[in-house]
Structures are given as C-alpha cells and as structure tokens.
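All chains are identified by letter, namely A, B and C, in their written order; residue positions are counted from 1 within each chain.
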Amino acid sequence: MVAAKWNQFLDSGFYHDFSRDKTAIISFFILCVYVVFCFSAPLIAPFDPYDPTGIDIMDSEIPPVWLEGGDSRFLLGTDAQGRDLLSTILYGTRISMTIGICAVLLQAFLGISIGLIAGYRGGRIDNFLMRIADIQLSFSTLMVAIIFLAVFQALFGTELYERLAILMLILVIGVAEWPQYARTVRASVLAEKKKEYVDAVRVIGLRAPRIMFRHILPNTLSPILVISTVQVANAIVSEAALSFLGLGMPVTKPSLGSLINSGFEFIFSGSWWITIIPGIVLVILVLVMNLLGDFLRDVLNPKLYKN
Amino acid sequence: MLAFFVRRLVQAALVMLIISVIAFSIQDNLGDPLREMVGQSVSEAERQALREEMGLNDPFLIQYWRFLKKAVQGDLGTSYFFKRPAVDVILDKLPATLELVFGASLIIILFSVPIGVFAAIYPKHWFSKLAMGVSIVGISIPVFLTAILSIYIFSVELNWLPSFGRGETVEIFGGWTTGFLTRDGLVHLILPCIALSSIMLPLFIRLIRAEMLEVLESEYVKFAWAKGLSPNRVWFLHALKNTLLPVITVGGVQIGTLIAYTILTETVFQWPGMGFLFLEAVNRVDTPLIIAYLIVVGLIFVITNTVVDLIYGLVNPMVKLARPQGGDD
Amino acid sequence: MSLLEVKNLEVRFAMRKEELVALRDVSFKVEKGERLGIVGESGAGKSVAAFSILNLISKPGYISAGEIIFEGQDLTKLSPQQMSQIRGNRISMVFQDPMMTLNPVLTIGTQMTEALHAHQDISKEDAKQRAIETLAQVHIPSAATRFDQYPHELSGGMRQRVVIAIALITKPPLIIADEPTTALDVTIQAEIMDLMMELCRTSEVGLILITHDLGVISQMTQRAIVMYAGRIVEEGDTKDIINDAYHPYTHGLMDALPQKTTPGQRLNQIKGVMPALSSIPDGCAFNPRCPLVADICRTTIPDYSNIGSTRVACHKAAPRGS
C-alpha cells in the first residue's frame, strides 16, 4: 500500500519536475538539514546555552576556530557572554523555526476557516469578512506586531513579557497574517463551487461543514501549500525583526533575531561573527524556503499549464 | 471626483477614529497623568480629589470625547521624558523619517520599473536571469540584516560611508531640516536608504515582471502587435499602463510595511527619526509619546493611502471617480 | 497574381519534451476582394493558420517551413520592422473576443488613430477625422462622442464594431477575422456578420474568415477550407463544399447541423474527439473517427486529389451518400 503510493508519487509530474530542478533539490536538502539539526539540537549541541553554570564570561568573544585566536572547543567562536555560538545558533534556529511554523499553523487555521466560510456562504458574510481582510492586510503585519508587543511590554513589564515571549510572538504573527490564507482559500472555493461535484454532494444531502472539509478543502490544498512555504519564511523574518528590536525573544533564550541583535554592537570592535554567522544562518533558511515556494508555485500553479 | 474624495475622506476618518480609540485605551491603561504633575508626597485623599477634579473618574466615553477634542487640536499630552508636548517632539523627528522614506521610494521606483519591465520583455536574457536571482536573495535578507551588513562592509571594513546619524542638515522653510542639500547629509542618507529599500525593491521587481508577463500575453497586447505598432509603443504604452495598475494597489498596501521598516532601519543606523524615537519611548514607557507616534503614523498612513487611491483612480478609467464603485475585483 | 498565397506552410510548437506540429503542408490562395472561410473544430489549427500569416503565433510556436506570399513578397522572410509595416496596414485582424481585444486603459480614439500614425504620415486632426468617419462607416451612432470614450463604456457588439473599424481604418486589402462573433450574443452575431459582408463588398477588401460555423461560411464566403488536426482536408468553392463535399469529415460536419435533422431527433454527432497534437495517429488523422475507414487510411497519409473545384485529401473520397 505504502509502496504503491510511493511509486505513484515517483511517477507523478510533480516528482518529475522536482528531479529536474537542481535549485529545488538543493533547497529541499538544505531545509532537511536545518530541520534535523535544529530539532536534535539538545543531542548534538556541544553546550547547553540555557545553562548559566556552563558559561564562563572569560570565554567571551572568542573568534571561530579558523581565525587567529580561535579555540578548538568553540567551532564558531563565542558570543559576548561567553556562550558557544554553534550551540546558541542551533537552539536559536530551533526557536525561530518553532515560532515560524506554529504562527503559520495558526494563520492557516484562521485563514482557512474564514476563507471557507466566506467563499461557501457568499453574500453579505463574504463581503464583510473580505473587507476585514483588506483592512487587516493594509496595516502591515510588522507594524501591528511592533505596536502590539511594544504596548504589551510597557503594560506588563519586561519580566512577564520575557516568560510569555514565544507565545506572544506566535499569537501576534499568527493573527496578523490570516488574510493571505483566507483570500486564497476563498478564491479556490469560489472556483470549486462552480464545479458539478459540489452540487452533486449537496444534492445527496450532505451538510455544509462536511462538504467544505471533505470535498472542497482537499481541492484547495496546492495553493495552500504554496503560500505556506513562503509564509513560514515570512514569519521567521518577522520574528527575527521583532526580536532584533528587543520585542521578541530575550537574550537569555535567544532566537536568531535576538542573537543578531546582541552581537550588533560588537561588529564595530571587530567581533563580527556574533552577528554575521547567525545572520547567514537566517538568510539561508529564508532563502531556501523562498526558493521552494517559487518552485512549488511554478509547478502547482495550473495557470502555467495553459500552453 | 468630489464624491470620490468625500467617500475617501469618510473612510480615512473612520480609520483615524479606530486608531484614536486604540491610542486612548493605551493611555487609559498605561498613563497616569498624576505621575508627572505631583510627586510621591501627596496623600491618597488629595490624589483622589485631584483625579475627580481632572475628570479621571468620569465614564470612559466622556474621557474619550475629551481626549478626542484635545487630539484634534493637536494636543496629545506632554512627553514624560522630554517635558515637551509629545506632538512637537514627534514632528521634530518627522523630516528625518520622511526623507529616509523618500530616498528609499526613489530607489524603489527608479530601479524596479525598468528592471521588472526588462525582465518581462526579455525573460531569457542573462541580465533578467541575474536580476531574478539577485532579487530572490534580496527578499530573503531581512531589512535589519542588510543594514548591519552594509555597515559592516562599507563603514567598518572599507570605511567609505558613515554608519550612523543624519550628518549635516540645513533648515529650510518652516523648521524642516533636510539632509538632501548638504554633501554630508547625502552621504549619510546612502546606506539607510539602500537598506530600507532592500526588500521592497526586489519585491517590486518580481511583481512588475510577473504582472507585465501576464499583460504581454493578453489579447489586447496581441491586437496592438497586429496593428503594426512599434515595440516601444506596445511595451511602454499598451502593456506598461496595465501592468502598473495592480502595482499601484500593492504599493498602497506596502506603505504600512515601509513605515514599519523605518523603525528597523532607524534603529540600526541610529537615525534620529520617529521610529527610533518610538522605540526609546517604549523602553521609557513614555505613554504620550507612544500615543503621538501612533496617531502621526496613522495619519501618514491614511493620507498616503488616499493619495494612492486617487492616483489609481486617475490611471484606471474603469474607476469612476464620480460615483462609488459597484463591488470590487 | 493572387493577393495572398500560402505555400506548404508548416508550424511547430517547441515544447519542453518534443516538437509538436500544429500545421502541416497548408496551402491556399486568396484573390483580391475574395472572401475565404476556414472551418474546423477548435484545435484544428484554423487560428494558428490565421495568426501565422502575420507571424503572430504565441511563443513556443514558430513557422518551420513554407512560404507566405503577399502582394509579391514572402512574409516569412521579412524583418520585424518590415513585418510591422504589413500588420494593420496591408493586412488587418479582427479578434475573437471584443471584451479582451481593446486595451481597457486607452480611449477608443487613441486605439484607432495610433494605427494610422504607425503607418501613415498624417496630422492629429486628420487622423481624428478619419477615425470618426470610420466609426460612422461601421454604424456606430454618435461617433464623435465615442472617440473619447473608454472600451468599458461600450457594449460587446459596439466594441466589436470598434475593432472592425480599427481593422478598416488603414484601408487594407486583406482582413483576417478570427471567429469574430463567437463571443457575442446570437442577435448581435448576425448584425456583425452583415456589417462585415457589407464592408467587404463596398470596399473590395479580401477576407479570411475563421469560424466553426458552416452556416456563416455558406453565407459569407466564396471559397472555403475545412481543416482537421492541423491539415487542410478539403478545399473548394463554398457552394461545392456545402453541397457536394467529398471528405467524410466534411460530411460529418454537415450532418451535425441542426437543419439536417428532423425536430425531436438527436443531432448527428461525429463519433469521438479530434486527437491532441501530441497524439495524432498514423496515416489519415481522421481514421479513428471515419465511417469509411480502410486499412490504407491507418498507414498512409492521403495526398490531395482534385475533383471539380475541390481539392480533397482522402483515400476514400466520394460524394455524400454514395
């Protein structure tokens, strides 16, 4: 059964396109490496960056091993507090990816539900929901997130904020971007609704939620897949930007953004690696996701099949 | 035309009203006007009397109404830190931010249109492929990282360009300070403007290319070719005008994001603008300043969106400026 | 000398995996002032044939062989600049859907006069005068007001009249109309066809009319071509094609007309569908659907043979009913 499905997948046009696209293969491979390394961070990281007893301030700002003054214990050097940069990056990437993925799951949940309702119900409900989506979109996510988090921090103080940071980031990024999904899903629903099978199942007497989730939703999956890839990349960038402004993850539990922030002032004194290495890690992660998103859009977009 | 304007004005007023409610709720929860007026020595009873006298115990709506009346007159309270009217503090920083946005927009418009159009007309040309490759890398580098990298390369390593501040500025009419008129000011503008435009530029190049590719496949462009028109007329009149319609709409949506990016850019370059000021205000819990920023940014946002809509209406003959549009899309 | 002579035209589409032949061995002539109809199912290559005359086939398609002699010169050998002096000047086109053909952001006037300015040294005022005259010629009421309007302010039928006016404005000797009425309401279809007929007659314009409607062909044209799967299967005087066709495919098309069936009876469809370009069978492309199919049809592509005014490509060519 599984083997049959697998063979079917290998035969599909999707696999054919994928196997011919070098960029897509390399991007997918790099993404897999990221996922494996980050989620096994506690196993493979040489140090535990969250354990204050393991950190010696005397080890601070040691350059990577290939530079003069490097220390073989710290492959990528250490940051200003003496933490091993490699371990901190592994843990930080894990936090960045977790926030990105969870935020997008939240976006997808909200957006898909609202998009399905708007598209399926139509009429005034549709108009109302899409108007809200327009307004929400016109306020930039980052702007809303910055203001919301800034006010939250001012209201409840930094201490409580730092404890809730992960949750708040997921919530803010998740809530702010739902219109992307809602619009796409609504458009697909409108297209699907015209097709005969939806009428057919309605005639059989199936209830609306069942029709939407069992019959319409599966047909909207490919556009959802396309935006999800890009949205995770966007969410990771948003999180990094917020953390960089000091509105995201605290330095004690850094994401890639807060790592870049904490190292920024040291580039003037020559300790560029504290900022630049996490920066490169972030850029490569976002880049491969954008490249995969581009590839998926080209392959799954039926518009291009016209010729 | 007038009706369109009025309708747009009502919409703008509505958005401002929502922003003012949010701003007021923040003030209600965050700000304690007594803190700045009286010291710790005043007794609780006296405080209560003062509160009553100032109307702080009035119902929410009455207080909000008072806030709104003052806000319309430009009174948004006094900054705790600067001990000056918050609006004045913000407006002092406005030129710095607007010049940054102006410089970045200039870069975006001047480069995105020709590159995007070229990449659509000659999709197989090496330059198009290069531009598309660079632009996907460009949108993958967060604004603050571009800013940091450019400082590291051009300021720290090469020492070509300054890394922070506005440099030398001169005052022109009405207290507006500009960096565009001095050599030093211009040199200081280069890196921040590039950093601020670093995500939008590739975004717009990709958008313009995609829209233009679609338009070039359209029947009316084919018909234009069938009329025997010159390639320049087909590309730059028939195709480009239709390409720009959706681009203008997206441009309007992106203004909010651009303002958000100014906060990032100003932080990295310590650019003395509103965004930098706002983050400082957040760290100091300077409520009146936070509120003033919200309102001023909201106002900029609403004004630019109205202008963008107006431009769209002028370019697109299908939008009747005279009467409301029936439905959208 | 004929106005237009297409000789052994072959058009290919360069796809990712293979080259598809969209037109093979297509030859026909149009005399001065003659009206020629090209008929066939969608995908038969009629539009490709029409667009290839002006070298306007969309991207992966290209002319791989053959000549297109127009007024004595081979259009396939012209430079892009020379070609654009033919387009819209000596040969004009009318497209299928008037809702899509006119540029939504330019006025009717701009879209009309630019065709004149592209080909003639004419002043702005004169061009405007000519445009308004031409609008009147296609029976558009209050032509002067229309000049400054945008396409979305006009109905579909009016827009197609504007498109025809644009085609006419340079007084070309040949107009190619690609299903000019398919996108319009039935009542308006007849009006547009009448208009085109009137214009062709009064101004001696040659016409290539592409349609899938045999009724339109019989009304409008003097000669007709029947295409199937990228090839001409039968060509001749319209009255002969309508009355005395020899190809079984033409017979099938005729039998499918509603007039040929008694009310209440099912229409006579041709069984099966036309093959896609990538899966054209060996031998005669029509053989899987042909009622007269024989062994030779499955192996050998039939040559053309002349019977009276008609030229037909069929091993089993015979008058209908025999």
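The working rule: a contact is a pair of C-beta atoms (placed from the backbone, for glycine too) under 8 Å apart; a residue touches a chain by one contact, two chains touch by 3 or more.
No experiment lies behind these values; they were computed from the predicted model shown.
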Task: Report back the single chain whose CA centre is most distant from the CA centre of chain B.
output: C
- prompt: Looking at B-C and A-B, which pair shares more C-beta contacts?
  reply: A-B
Query: Roughly how many whole angstrom separate the Cα centroids of chain B and chain C?
result: 53
Query: In whole angstrom, how far does the Cα centroid of chain A sit from the Cα centroid of chain B?
result: 25
Query: Got the chain C residues that touch at least 2 other chains?
result: 58
Message: Two-or-more-chain contact residues of chain A, please, as numbers and ranges.
response: none
Statement: In their shared complex, chain A is touched by residues of chain B numbered 15, 26, 29-30, 136-137, 139-145, 148-149, 151-152, 156, 163, 252-254, 256-261, 263-264, 267-268, 278-279, 282-283, 285, 287, 290, 294, 297, 301, 305
Residue numbers on chain A that touch chain B, as the complex places them: 135, 137-143, 146-147, 150-151, 153-155, 233, 237, 240-241, 244-246, 260, 264, 267-268, 270, 272, 275-276, 279, 282-283, 286-287, 290-291, 294
- line: Residue set of chain B touching chain C in the complex reads 217-231, 233, 237-238, 241-242, 245, 315-318
Task: Quick one: which bits of chain C touch chain B in the complex? Just the residue numbers, please.
output: 54, 56, 58, 80, 84-89, 92-93, 95-97, 100-107, 114-115, 118-119, 150, 152, 163, 166
